[in-house]
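Reviewing the structure listed below.
Going by the order they are written in, the chains are A, B, C and D; count residues from 1 in each one.
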Amino acid sequence: MQKPKIALYWCAGCGGCEEAVVDLAEKILDVINLVDIVFWPVALDYKVEDVEKLPDGSITASFINGGIRMGEHEHVVKLLRKKSKLVIAYGACSAWGGVPGLANLYDKEEIMKCVYQETPTVDNPSKTMPQVKTEKEVTLELPNFLPRILPLDLVVDVDYYVPGCPPTPDVTWKSIETLLSGNLPPKGSTLGALTKSVCYECALNETKPEKVLIKDFMRPHKVAIDPSKCLLTQNLMCMGPVTRGGCGSLCLKVAMPCTGCFGPLDEVKDYGGKAASYFASILDYMDEKEIEKVLSKFPDFMGVFYRYTLPASRLRGKIKMKGGD
Amino acid sequence: MSEELRIGVYVCHCGTNIAGVVNVKDVVEYAKTLPNVVVAKEYVFMCSAPGQQIIKEDIKNFKLNRVVVAACSPSLHEPTFRTATAEGGLNPYLFEMANIREHCSWVHPDEKEVATTKAKLLVKMAVAKASLLEPLSEIKFKVNNTALIIGGGVSGLAAARDLAARGIKTYLIDRSPTLGGRAARLGKLTYTEMKGIDVFKGLIRDVAGNRLIDVYTNTELVSVDGSVGNFKVKLVKNPRYVDAKCNLCGECAKVCPVEVPDEFEFGMSKRKAIYLPFKDAYPRIYVIDMKSCTRCLECVKVCPVGAINLNEKPSELTINVGGIIVAAGYDPYEPKTGEYGYKLSNKVITLFQLERLLDSEGPTKGELIVNGVKPKNIVFVMCVGSLSTTPDAYPYCSRMCCSSTIKNALVLREKYPDTNIYIAYKDVRTYGRGDEQLYMKAGENFVRFAKFKDAPKINIDQKGNLSVTLFEETLQEEITIPTDLVVLVVGMTPPRDIDKVRTTIKIGCGPEGFLREAHLKLRPVETATDGVYLAGAVTGPKNIIESIASGSAAASRTLALLSKEEVAVEPLIAVVNEDICSGCAICVAMCPYGAISLKIIDKNIRVAKVDSALCKGCGTCAAACPSGAMQQYGFKDAQIKAQVIAAMGEV
Amino acid sequence: MSYLPKPVLVIGGGIAGIQAALDLADQGIQVYLVEKTPSIGGKMMQLDKTFPTLDCSACILTPKMVAVARHPNIKLLTYSEVIEVTGSAGNFNVKILKKPRYVDEEKCIGCGICFNKCPSKVPDEFNLGMSQRRAIYVPFPQAVPLKATIDKEHCIYFTKQRCRVCEKVCPTKAINYEQKPETIELNVASIVVATGYQLIDPTLAAQYGYGKYQNVYISLEFERLLSSTGPTGGEIVRRSDNKHPKNIAFIQCVCSRDVKINPNCSAFCCMASVKHSILAKEHLPNVDCTIFYMDLRAFGKGYQEFYNRAMREFGVKFMRGKPAKIEEEPETKNLIITYEDTFTGLKKTMTFDMVVLAVGVKPIYPEALKLPLSEDGYVQLKNQYLDPVLTMIDGVYTVGVAAGAKDIPDSVVQSGNAAIKASILAGGAQK
Amino acid sequence: MTYLVPQHPLQLVELGAERFSRCFNCGNCTAICPITKEKASYPRKLIRYSLLGMEDKILSSTDPWLCYYCGECSDQCPRDANPGSFMMSLRRYLTTKYDWTGFSKLMYYSKKAEVIAIIVVAAIVGSIIYLLHGPIVETRVELETFAPYLTTEIGALTVLFVLAGILLSNLYRMYRFVMRDENGNRIRVPLGFMIRDFIRIVPLHFLTQIKIKECKDRQKNWINHLIIFYGYAASFILFVPLLKFTQTNDPFLFVNPLSILGIFSTIALLYGASIAIYGRVKKTQPMWKDSHSTDWMFLILLLLTTITGILTGIFRTFGFPLPTYIMYSLHLMIAAPFLILEVPFAKWSHLAYRPFALYFESLKERYLASKR
């Protein structure tokens, strides 16, 4: 029997997701026993042309991590889509844009200017900017920079999602198991994680008082955190209640508030909106001025509520797409 | 959903209310083009009997399984059309309403085309939502047919009297040691020869000893759980230290060494630490005021029947009732020291103190004596604490004071014909039956009226002589009235601790703290919390007659509830998806009705649980729920999203 | 107690009667609600909005009306009058005359075809004669019951023995010219009188020229002008030239607080006029409103705040002084009011395009009951304090304006009061 | 600071004001009054002043004298407080206040005192006649002999001057009360204005009483008022300064122009007084609806004076000596109290106060205008 073929590809991401695969440790050998990896640029020397040669639909599953930032990403994921039975958005960036997605708060010009001109460490007196095509000595073509970062499912049809920044080895393993079991869940499902929020797994959930109401907003590096008490009740903006569980509440185990890398639950369409709504609900003030005071303590509102999900949110970002959005 | 959707759309003209602006025909034609719509019709008044008939027949003829009516506000006629839908043989919750009157024709009277487009959109949205509606059934509870009345003033007494007369077991609690409230302290009343105490006696005749009425004095509310038809109320009964053996011999008070101002007489006389609140107090048993008692035990020694027990402890009791009437009354506005010279001179008193002074059973046996002399010139200053006359005053009108002032002025003129009485007023609001005649009679009796706009000044000179200076608005002149007595006509304010009762029972209040009715005009004795009713001045200033009438009216509404076998509650309540709920408990704190708790389903796995009897379907929890586990029937995220998409297109 | 309760009779289908009937019915008591006009609803139905919340009056009332019609414990007898009452508390024998509608209530579906075809036009009482209805009519579209009635006095068939158009067009053959008055006899435990009021004839205050000058209105007429279901569809226009007025005067205490006409205060007119001025401003933002008053009786919950709003937010002018007379400018039909501004002591005249008189009220009582009245013209009460709704006849209770001028919330409270009293007398069974 | 006299309104009740304390200050009366101008805020404001006891405000007001009691205000008063009668009683009140002798107060506040005063004066006159009358000729009418012209004339003129003096002093007091500003400070007007305004106002209004016509439907009243006034004036001139020509022994009737004038003036008086009495009995006019005892006294004495005068003339003409003397004595006994008591102290004085009120009002206006 021929082993199922799988492909792995890395778009706009930090590389953590690739690490996460390696983090499977000895289990990766089990994986290799079970499947044939036909494309994995970071580890294996297969080229895009090799993929192009494969018959359509011949790859069983493509694991794609990172958001779609460059024209090249777009090209390759579309190719993989054509060649694969299943496309899996692997990790937060691929599923919702991830941390790089916060770049969508700026448009292309602003980003370019910042990176190539304004950053203090840049030495670029001629203010040269990257071009898609350069014809000086030789002709060079670079992938184009898309107006904004997109989650995978806005570019190609996605079958499954594996959440996390990065997905924990446990989650990765469970999703592979699910895929290999032959008993596929409905399209669009999230693999390897829970249907309940982080609180469900969190040991501190039991320490919550009868009524959860908070009076202030604290940043974790500025307070002495009591590791035995629900962080929310210590005025730390824990995203646990609004974030999909399955991570094993790892951060909370070391008394760091959840930042939400497992993204929204099935019934939630806009992670940040829901997070803001939940925070607004438990903020225990009636007076507008008091509320203003608390809100002014947020150093970066979008960074707190939309850390991993801005490109997939209703807000999308700042850039206007052609044809309106 | 396996079943094929068959939607009927009905567009109402509402006379010309809608049809005058919206092109109803266009809307109907448009509706026919919407997905799953099998029939669309228009009619002049959909809410009328023939209009409803159309719906009922179409459900049968077209085998409809969803009904959409585009008409007025759902708050108005949703129940009407739900009933019609049910009578047509469908589940009533498979009905959806589009408001094309308040939301459309009334707000765009001059833009007919825009309004028509908007009406189409509203219909499209309703159809989109209707496609996702699910059949629901009403939630029913058995009713416990007993009632709790909080407050033993005249309105509470009237309510207890009337409920008991219809055979309803009633608990009447008051936190003071006697029933009677404030009306018992009033002197001669406006329209009869009766006094406040006579009204109290008249009511207590039916209440005292009534086997259906349990009276608990010195008793306060601790908590209220449950909901309409089934409240579980915890009370704490504070000790009286004297039991029913008391034979009213009064020996204890004679030997008691502690004297404190008598609150019944507004501090104008003294009482002992062991005392009978007033002559006709109910229950007629002495009581010890532990705040001032020195525990000298003199009374215990002297009591011939051994009725005194200084070691009595508070006791808690729990009762189950079907309905609650809050008749907590009011407090008179207490002027600050120095406001209108109050407390700077003992010649400045409040109207309530005057009532006591004029009462033959009051501290002066009915003689108006201030500082040992009978005042000759008396000035009443009205609207003290009301109508924003001073910065601390409330903006509202206290309603009863005008005629009460005039009544007292007439009583004084009759009793002391040579007194000169001035009434400084802002507006004479003798609105009640017979009050205008009273006002005229005051004129005939040479009670003089001076109209002010800004609060009069009370001048006290070094010798302690008083005068009142005011700018007479209708003469445009400042006048100074030398006087021997100033009566401050103080308004009514919400009772001081009402917020505790209010938050325990979970009812709303207005900006000044008076409790809020379910509807100011048509549901004046009901609250937004089903099964909780309001009586007397706790909703706003009232005179005795109005208080008694509202006590009876509250009893009437309560009786209407308690006459039922069971109560049905709209099923538009919150529901938890236990597969999603992680037990994060955010919703628990949000629920304004205390309807959500956490239940343990497996070892330490908890999920939220909605008490369908308590849930009012406000949606707060659904908005707060971080995981989307909490949804509200009738307004599920998917249904609302379908409407939004219908309106805005897919985003 | 487990015997069946006796029924209760409620006379008058205005808001007070409706509320009393609903309360009683909810308590499990059988109620007969008798209304002399073809539909319940009463005066509240004619109001546009209600103070101080500006709720649409019909919108909050019609659900109650529908509830009356639906309630299994309420038997609604419209177009009926009580003609005889004998017996005493707990056991009244009542004769009710059910006037013929000449329309079979069972068959009529209120489709309205007949009144569109009827050739006889009559001034419409519901709009105080400012519009026309037909001789076969439904008083207003939300009428309960929604059954047509033939006004015999104006019906061409009854006056001239020809026509019969309605009979021809009726799709359900509901017209029956042969209908006879019917007498219904009831035995009831108690009676709630909620017969309401009528406006005092405004021509008694001759100095204001109502009926003589076209642009002088009474407040209820103005209410109809404001109403979108009114004769002008909610346009405030003058009778004389159909133009919007630029300034409107509201005069308080017309035929009330006047010992020669009616010494009583009518309790709700002040707030009604404040409401009118606000609504006028909403309809015509540039209109100037002036209220002539003596004491502005904003005594109820939220009323003072409403009054303040009218002053501060809407710029309604309040003029303290009772105008002495109104004269008309013959060419423009504008109205000149002579008054003393009692705050400045200046005697002045001011010209208005429209004047609205807040006319006082007097109670209506069913003659059959022979209720003893007191000096003020209202029903005498046995013990005003302990039982505020009991008349001198045991078992007969009065509520609403029939028991003294009052506003809607106070009427509703009284209805509840009377309901429980009647219910006690009816001896409703406890389960 | 206004000093309040709480008893003040009760005095007005004694002076005939009815029900005015019912007033609820609506201003209907001021607005309906046909003679109030924009700034003249009466009766309402006066009622307020009175009820609050602001006596000095009332004393300094000339407004009560401007009212002729057409009754419009009372007809339409929503409280039926009868502002008209209040204004009437204010005039009585002011009369008692202007008078420094106290007689006025005595008569206005006590019916008994009033009757006693009449009887006393009549008795004094009677005793003077009894003591000083001339020989009684019984064969023919010798009135001149019975009542020598010089004695009578001296008596009459003495009384006239004393009374005029008192009345003038009262007018001066009125001037002192009235000529004050809002704060109660005295005000003065240059003499030139005082003279000019006096000439402009007082004679005209004294002689024509034209202001009555401003009242509603008062044409008839004005004429009646003029009939009484001129009948009275003519009779007074004929029978006091011209007594020399009118008190003769000759038959009086139709003998000379003076006698014709005398006859007409007495008939006019008889007519006017009868109309007024009839009116007061039947209460045909608003102003006649509430009559004070002093009103009755004025009319009754006027009527009796006229009747006794006429009867004296008739008896003299028909040559009945004794009845003539008796009637003449009676005539003097009635006329004397009428003049003595009415001119300075009671109702008659309004003939002077009314035009002077207009005069003082105009002076006040000038002062206020100059201040502005």
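Going forward, contacts are C-beta pairs under 8 Å (C-beta built on N, C-alpha and C of every residue); 3 or more make two chains touch, one makes a residue touch a chain.
What you see is a predicted model, and the numbers here were worked out from it, not measured in a lab.
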| task | Please identify each chain that touches subunit C as well as subunit D. | result | B
| Remotest chain, subunit B as reference, centres from CA atoms | D
| said: Could you work out how far the Cα centre of subunit B sits from that of subunit C, in whole Å? | reply: 27
| task | Indicate the whole-number Å distance between the mean C-alpha point of subunit A and the mean C-alpha point of subunit D. | result | 109
| field | Gap in Å, rounded to a whole number, between the CA centres of subunit C and subunit A | value | 68
| message | Can you compute the centre-to-centre distance for subunit A and subunit B, using the mean CA position of each chain? Integer Å is fine. | response | 53
| field | subunit B: positions in contact with at least two other chains | value | 428, 440, 474-475
| task | Give the residues of subunit C that touch two or more other chains, as numbers and ranges in rising order. | result | 257, 259, 295, 320, 342, 345
| Junction residues of subunit D - those touching two or more other chains | 24-25, 44-45, 79
| field | Interchain pairs in contact, sorted by label | value | A-B, B-C, B-D, C-D
| remark: The subunit B residues in contact with subunit C across the complex are 15-17, 20, 44-45, 47-50, 53, 72-73, 76-77, 79-80, 83, 106, 145, 162, 165-168, 189, 191-192, 194, 198-199, 202-203, 387, 395-397, 399, 427-437, 440, 473-476, 510, 514, 519-525, 539-540, 544-546, 548-550, 552-557, 559-561, 563-565
| Any idea which subunit C residues touch subunit B in the complex? | 1, 15, 19, 23, 26-28, 50, 52-53, 55, 59-64, 66, 70, 109-112, 141-142, 145-146, 228-229, 233, 257, 259, 263-265, 267, 295-305, 308, 320, 342-345, 376, 378, 383-386, 388-389, 403-405, 408-410, 412-417, 419-421, 423-424, 428, 430-431
| query | For the complex, which residues does subunit C have touching subunit D? | reply | 207, 253, 257-260, 294-295, 320-325, 338-342, 345-348
| query | Of all residues in subunit A, which touch subunit B in the complex? | reply | 195-200, 205-206, 208, 210-213, 240-242, 245, 264-269, 274-275, 277-278, 281-282, 314
| said: Can you tell me which positions in subunit B touch subunit A when the two form their complex? | reply: 577, 579-586, 588-590, 604-606, 620, 623-629, 631, 637, 641, 651
